[in-house]
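Pasting the structures here.
Both of the next two complexes hold chain A, though its partner changes from chain B to chain C.
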Partner chain A sequence: MSQGRTLTFNIFRYDPQEPGDKPKMVKYQLEEAPGMTVFIALNMLREKQDPSLQFDFVCRAGICGSCAMVINGYPTLACRTLTSKYPKGEITLMPLPGFELIGDLSVNTGKFMRELAERLKLWLHPRQDEIDIHRIEAPMAPEEAAKLYELDRCVECGVCVSACATKQMRDTFVGAVGMMKIARFELDSRDARSVEDFYHVIGNQDGVFGCMTLLGCQDNCPKDLPHMQQIAYLRRKMAGALV
Partner chain B sequence: MIMNSKSMQSHHIHYASLGSPWSAKADKIQSATGIMLGCFLLAHLHFESSILLGKEAFYHVVQFLEGGLFTSSGHGMPIVTKVFSIFIMLVVIVHAAVALRRFPAQLGQWRALRRHMQGIKHKDSHAWFWQLVTGFILFFLAPVHIFTMITNPEIGPHLSAERVYHANAWLLYALLLPAVVIHAMIGLYRVALKWGLTANRRGLRKVAKILIIYLISIGVLSLVSYLIIGRELTLPITPFVP
Partner chain C sequence: MKLIYTDSLVVGAGLAGLRVAIASKERGLDTVVLSLIPAKRSHSAAAQGGMQASLGNTVKGMGDDEDVHFQDTVKGSDWGCDQEVARMFAHCAPKAVRELANWGVPWTRVTKGPREVVVNAQKVTIEEAEAAHGLINARDFGGTKKWRTCYTADGTGHSLLYAVDNKAISLDIPVHERIEALALIHDGTRCHGVVARCLITGELRAYIAKSTTIATGGYGRIYEVSTNAIICEGIGQALALETGVAKLGNMEAVQFHPTAIVPVGILTTEGCRGDGGLLRDKDGHRFMPDYEPEKKELASRDVVSRRMTEHIRKGQGVDSPYGPHLWLDITLLGRKHVETNLREVKEICENFLGIDPAKDWIPVRPTQHYSMGGIRTDATGQSPQLKGLFSVGEAACWDMHGFNRLGGNSLAETVVGGMIIGKYVADFCQQNTLEINTALVEKFVNQVRSEIDDLVEGQGSESAFDIKLEMQRIMMDYVGIFRNGPELQKAVDELQALLLRSRNIGLTCKKRHANPELVEALRVKRMLKVALTVACGAEARTESRGAHAREDFPQRNDKEWLNRTLSSWPSADATLPVLDYEQLDVMKMELPPGYRGYGINNAIAHPDTEKREQQISEILSQLPDDADRYARQHALMPFEVPPSLQEKNERLHDKSLSNRAQLGDEAK
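So, the complex of A and B:
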């Protein structure tokens, strides 16, 4: 641990709310502390140097998915990125591309995720005969529950969307987060939707057949979700749906 | 009026929300034709590189592939090459038609792609960019080569050398070789991951890289061989017979 060295941050600054403001890169310097993450550094910068600096965070533990940003060219979570990872001590921070910019490093991933959930109907659609509150729910096999839980680990940080060149070129593309959630309900035995129903949602250029397997999602996902396997699974499933 | 526009809108949404079986078909066709062309390229480059083992080796490869076993003279029939070239041309056309879906055809899409490449470091996305560039180049180079093989399908140690050296096809091949090898090998790598044929991505990437270097090497070496053979030939040439 290189203690006490000076870190140089190049941070994207732009406030769309402020009339006349133009996007620019601003340089900040800060003394490194042991175990420092980019998230800690940003809080120190805001506290001691520039209270106007905008960035998002909630949990500081890689669970809420709020602090995703592009760090030296890699979209990832600031709270899980140690500053000691950068031997030169130079760190460039950019907001996640592909989302509405709130200001500086803060982007509106929530708006995107909500719209996506409404568009893809990302909630459980129970079978008609099971809508009976007096009936005891059928237990789920532990293997199935484990499978679903694995996919439910997504924190909606938006990294997969920003890392995807396909999504950047095609605004309506659902991205890995959309497909991961569809796969989650497709695997759920309680969900009434058939393969054909899912085909009508993602069996198109905006869904699995628009994905070019660039794998930016797979390589950058901070939760290490199996995007590559999951999208391939969905693609095979959808390819056999309407034949 | 308001009623009307509303009902039109709901009709439109309903229509657009239905999936078309052609979305799946187009994707399957692109992958299938891509695999066919990629595998064909692997075989093709090895066949033509048999010139590195001598004129006789190449002659026998051509003789075998052109059905020399079934002719009374024992020589191959160029019509086989002609018919096969027409088939390959058709596969290329189908592949190009469905692969067009991937092109950033609008300037805005192109700029988004370039901006993304500058802002985000990601090797597979960059590899796709080169596949895109080489794919575009192949629109112009591949048909020229295939058309030549349809109109003048004669192949042989001297006949091919004449084409390369005296008809200046070396220029076409020098440009076509790296473009088609890069495009095809990155394509085969991606198609395997795309349908989940393998999960060993690291190994596959290594194989693709090695194949790119290897195929370009044997391609360049055999091109040089044809140039050397062609330079020693006087026009009109006599076909090589062992």
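So, the complex of A and C:
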């Protein structure tokens, strides 16, 4: 049914490195193909119409989190967004807000995530630095491992950051991605940090007590991570650390 | 000219590259990693099913050990691998899994008691041991005797990459993101670093280092349809090739995965079949038992892909606008299993196919998936031709995979190879000095600069995008699952013509900073050379081995082809690689060439095979009666790993034995 439609793309264009360039919206048209995704469409536009068009894709399978952008007002992964989802055939693409713009639809999520990881120390702090890798491993409750994996599925796409009103107002806010990762390590029995240690990092306005509970993170997370539940859980934990 | 100095330079921030960087940093070396993208976006993240390591915790893995893993790997390789490397790998795999547990990987664990699983389309109940409760679990994968593939649901690569990158962050290892290496700096005998371009600003930099490790993954994107991420374009292999000194190994060994979805080629993990999924044809008939009655869906990947293609050629495929496909049926596993252990597969099916795999069959077709070939290295990961150049992971031909890689052995290679080679890289850095020859550096920077000048300012008229697509189609049409002489010759001729045309690429976007067209042009020129090594290697190899299947030479020919193809690029203006061959020595093999267990046994034997078999039985018969499996192995084929990795691996099933042995020791 959707075969042969002409799609209209309105794409944000701006090259901050080009002297004199100003942000603008540019219209492109393209014949739709069956099963077309925004990934396929953008590559066709680059190959056939404008080779300077900047955007980021890596896995094109919804796994790596590179390609988040704002599509018709909602932040999401472009690679797995089918054009057939838009009955009018009009698709507006904007770069993800809240991140440094590299150009057009390309933003520097990598730099943001690395800085966040350094700031919040988002790695396992094992109870023992060295383990004997030649011996049988320490057991872990199977249910715990399964729960950890559920929280470990974040792909650092940045959607939760761009969908967060708190983050837009408070630049230092750690966002749902930061809290999700803290929750993940807090749950991990192998991590030596205590509730107090985590409290120092997120028990403040930049962390769990800054969240206004608008839950744009929960609504837009492409991995359906339980942000609401984890933020509530961390709040309880952090409040508990106070008393 | 911007110069950056370091001890250990790593190109590529996937699992293999990061693991080497960690090993360098832990030795106190200054370490820098270059990456096209943020480290956590690397293609390692896409590995779903798991990594093989013979822990033997699950009841279906009982009796597993390094010996069985080694044998599976060698057979899987169709005897094309380096057996000493396969031994090093099998020995260290359990160590890597255990180390990763301490870095945060939430490995799926064994639950004691009865568990229902699907084996050969039947629900069966297995009983997990009390003592195994909470230890690392494993699932079944193709071509393996035991359930050996350790996993975290079906997001194993993701979990591993995140844990390892987090470890790298904790060690303060800098990853220079959005930096593309474009040339190796070398003097003909020693590698001194790379010339790289910043993809944001366009700035050219020289990174000068004691060791340069290429960990840039495979070259799947020389094919039009591939399961690989779009950055897996073989640029790492091209960097080595363009030195004219370093050689690439077995480039024609390209794996096609049986179950990528149609049409986009996104992978659904082998875990689908490992967990009990079936392949069906247009009539809903389960056809694999007709071809491979013993291993069925869990035959080695190359075998399943060929059987599927054969079946489609018989007219049994399902017609679609994108050509015929077959079905992958995981509905019999039940919704709960699909939604917990195969949830990434479920997401992919929902988003790209609009189906629910817990109730619908998945349209699949064999698709380019893995590059067994790569930068030829010795057992320490170093190029035999260019000192200071190392390579690891899919980028390398370390050669534990030979002509076909087993599922679960690639993710394993990244972290196991990285663990082993990382130590050798660190040794090299400690034993060698930084050599800085600014004239040499300038020469290479100027070469890259003038290449960019020519593209931006030149009068070229060819489109980089068009040339790339033509190359990808040639590879699809003529260098695919089944190959033959005339088509391969056609591929070589057409690729050669394309290479000439690529010297006349012109750009419409003239920016020197962030410019996707410039990036494409620089890459496609390099990719064509890599594609030519694949096509030429395939054309020359007149036998069938592993994933290299020649219709005109269907037999594996150990007599003439028990060797490794080496390709090098003779000069900048050459249009073809030079091929030569490295013989595999049967007299040194622990496991001499034999029958792999698929189809008819029609291999042409090597004259040494019988001799070696005899020698092996003599060696074994001379050993004392109480010689254990380690002693027997050592007598046949001694191998080395770094001292800190030499210790034996402890397992559940020999824990009780070792208790007894300890008592014995005390008695002495």
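FYI, the second predicted complex is superposed on the first by the 232 of 243 C-alpha atoms of A that agree within 3 Å, B and C clash if a C-alpha of one lies under 4 Å from a C-alpha of the other, contacts with A are read in each partner's own complex, and residues count from 1 in each chain.
FYI, a contact is a pair of C-beta atoms (placed from the backbone, for glycine too) under 8 Å apart; a residue touches a chain by one contact, two chains touch by 3 or more.
Because the structure is predicted, anything quoted here is derived from the model rather than measured.
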Evaluate whether chain B and chain C can sit on chain A together after superposition, giving fit or clash. fit
For A:Met212, using the defined touch cut-off, is the partner it touches chain B, chain C, both, or neither? Pick first, second, both or neither. first
Touch test for A:Asp21: chain B only (first), chain C only (second), both, or neither? neither
Rounding in steps of 10 degrees, give the angle chain B-chain A-chain C taken between C-alpha centres. 160
After lining up the shared chain so the two structures overlap, which partner does A:Gln168 touch, if you call chain B first and chain C second: first, second, both or neither? first
Partner chain in contact with A:Thr109 - chain B first, chain C second, else both or neither: second
Chain A residues touched - chain C or chain B, whichever exceeds: C
A:Pro126 contacts which: chain B (first), chain C (second), both, neither? second
Could you say whether A:Gly62 touches chain B, chain C, both of them, or neither, answering first, second, both or neither? second
Which partner does A:Glu90 contact after superposing on A: first (chain B), second (chain C), both, neither? neither
After the superposition, pull out the minimum Cα separation from chain B to chain C in whole angstrom, please. 18
Of the residues on chain A, which ones does chain B touch that chain C also touches? none
Chain A partner, complex, touching residues on chain C are 37-43, 45-46, 55, 94-99, 101-104, 106-111, 133-137, 152-153, 155, 158-159, 162-163, 166-167, 169-170, 175, 177-178, 200-201, 229-231, 263-264, 266-267, 321, 340, 344, 347-348, 351-352, 354, 465, 507-509, 511, 513-517, 520, 647-652, 655
Quick check: in the complex, which residue numbers of chain A touch chain C? 15, 17-18, 34-35, 37, 46-47, 51-54, 56-66, 80, 82, 102-103, 106, 109-111, 113-114, 117-118, 121-124, 126, 128, 131, 133-142, 144-146, 148-149, 152-153, 155-156, 185, 188, 190
What residues on chain B touch chain A, complex-wise? 17-21, 23-24, 26-28, 101-102, 104, 109, 112-113, 115-117, 119-122, 124-125, 128, 190, 193-196, 199, 201
Interface residues, chain A side, partner chain B - complex: 70, 72-75, 94, 97, 162-163, 165, 168-170, 199-201, 203-205, 208-209, 211-216, 219-220, 228-229, 232-233, 235-236, 238-239, 241-243
